[in-house]
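For reference, the structure discussed in these notes is given below.
Labels A, B, C and D are assigned to the chains in the order they are written; within every chain, residues are numbered from 1.
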Amino acid sequence: MSKLIRFGVSLEDELLVPFDRLLKVKGYENRSEAIRALIREYLVKRQWVEGRETAGAITLVYDHHRRELVRKLTDIQHDFHHMIISTQHIHLDHDNCLEIIAVRGKPRDVEELSDRLKAVKGIKHGTLSLSSTGKEMV
Amino acid sequence: MSKLIRFGVSLEDELLVPFDRLLKVKGYENRSEAIRALIREYLVKRQWVEGRETAGAITLVYDHHRRELVRKLTDIQHDFHHMIISTQHIHLDHDNCLEIIAVRGKPRDVEELSDRLKAVKGIKHGTLSLSSTGKEMV
Amino acid sequence: MSKLIRFGVSLEDELLVPFDRLLKVKGYENRSEAIRALIREYLVKRQWVEGRETAGAITLVYDHHRRELVRKLTDIQHDFHHMIISTQHIHLDHDNCLEIIAVRGKPRDVEELSDRLKAVKGIKHGTLSLSSTGKEMV
Amino acid sequence: MSKLIRFGVSLEDELLVPFDRLLKVKGYENRSEAIRALIREYLVKRQWVEGRETAGAITLVYDHHRRELVRKLTDIQHDFHHMIISTQHIHLDHDNCLEIIAVRGKPRDVEELSDRLKAVKGIKHGTLSLSSTGKEMV
């Protein structure tokens, strides 16, 4: 079980006033919530630098009519099957589809998988977003 | 139907040698493929700046035991249902889950949805990756 | 004069322990200092989105033997002289120099200047970093 | 001496038309220039990943009335003097100044210096932009 710890923070009013304004815009309930989010963001970036296990998503946009492309994507995904959790396939229009691959692994390995997929001929665009497995974080 | 256009590019050997080395590492078939990928990346970024319709993915990591959180996420998703294509839910371990939401809309609106979801109390981490609808891009 | 305001923040120990560890690595004196830095970073990003005046630096790496290039850089800098505060010129080695241009203006305009400079034939690399004029921030 | 190599690239017209439009907006002379810039950007990012020597700029915004701060910045800069090439100091207004430090070294070390400077109490904002020493790049 996690334990809630309360501590005091000192901030200049010139910093606090725009911060309060911004966190209302972004939808945070209170200062603790917004500060918690900033700290998490900061810790997650650190986890990548340290090479610790991460979870994330790879997105690929492509024309599904290209059979050869689909075959290659499948081949690569099989080579990296231990890192792929599941795949979501969306038909954007008659030609284009968006494939979102949920992944888990060391940042380096996830980047390699992402590079390999993005390099397949016919891929229109690809992104990789690294998040966290949620472990060691409340 | 798209038409293939061939044109000449002049590059210094000192630039071309490391480029050839790198594209082999990344898995590109040839220079045209790698240059095509760089150009697409460049055009996609421009589409966001211009505020044109985009597709992408929002990832959220959270502890699914927090009932209130799950209810709020659902409420927000309903408010933005016209922008949400589908959702993928992954159980990372006993406590943590990774939710990946496929979205489509103007960059500004997608960012607002992402902000709202990330601000919900109990979200451990969230990311937004913008890609493209694939339209106007080969 | 700015006024220091003290308020309480509640954080789970599982979040606070790695945060304390990280802020020691980064050299922050205490939690307030580190949280202040995170909040500033957050506010500065917002200032860009809102298009408020910013200050920053453009870096350019090039071979100074290319006379035509130097003339063009000077021409562009004169066109944007109202945004350029000062320039620092560094000889990296016999051929290469690093020019750092301190700029001030709306994010959009600063980006346009940066684009124009980076597009000059012979520029090897360019970066733009946006910071803040320090106004409305303690 | 670098040697210019000419080779053919094949691109779909649907990709080439928006690319031609964008490179005019950005001020590139021709396709080769724009492609050269994209390739350089790509190679420079790779140099950081590989940990090769880089050059860049650290920006700091602070209130120069804080004597203790100025002393600490000087101390840190002396500790890292082998990496600091020169410093540019700009008075933004009565209170705020922008200091731009030209640096050179391994990405890891430059980041450590940047972290240390940004953590000094009283720093309002800091950025680090990594570029290149220009070596092994035309």
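In this section, a contact is a pair of C-beta atoms (placed from the backbone, for glycine too) under 8 Å apart; a residue touches a chain by one contact, two chains touch by 3 or more.
Just so we're clear, the structure is a prediction, and the values are computed from it rather than from any experiment.
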Inset, instruction - Moving only to chains each one touches, count the minimum steps from chain B until you reach chain C. - result: 2
Inset, instruction - Would you kindly state whether over half or under half of the residue numbers at the chain A/chain C interface are used by both copies, giving same or different? - result: same
Inset, instruction - Provide the C-alpha centroid distance between chain C and chain D, rounded to the nearest whole angstrom. - result: 9
Inset, instruction - Report the inter-chain centroid distance for chain A and chain D in whole angstrom, where each centroid is the mean of the CA atoms. - result: 26
Legend entry - Touching two or more other chains - residues of chain A: 40, 137-138
Inset, instruction - Between the chains shown, work out who touches whom and classify the graph as line, ring, star, complete or other. - result: ring
Inset, instruction - So, with touch as defined above, which chain pairs make the list? - result: A-B, A-C, B-D, C-D
Legend entry - Residues on chain B engaged by chain D in the complex (per definition of touch): 2-16, 18-19, 22, 31-32, 35-36, 38-40, 42-43, 46, 136-138
Legend entry - Residues of chain D defined as touching chain C within the complex: 26-29, 33-34, 37, 40-41, 44, 55-57, 59, 61-63, 85-86, 88, 90, 92-93, 95-98, 100, 102, 104, 115-116, 118-121, 123-135, 137-138
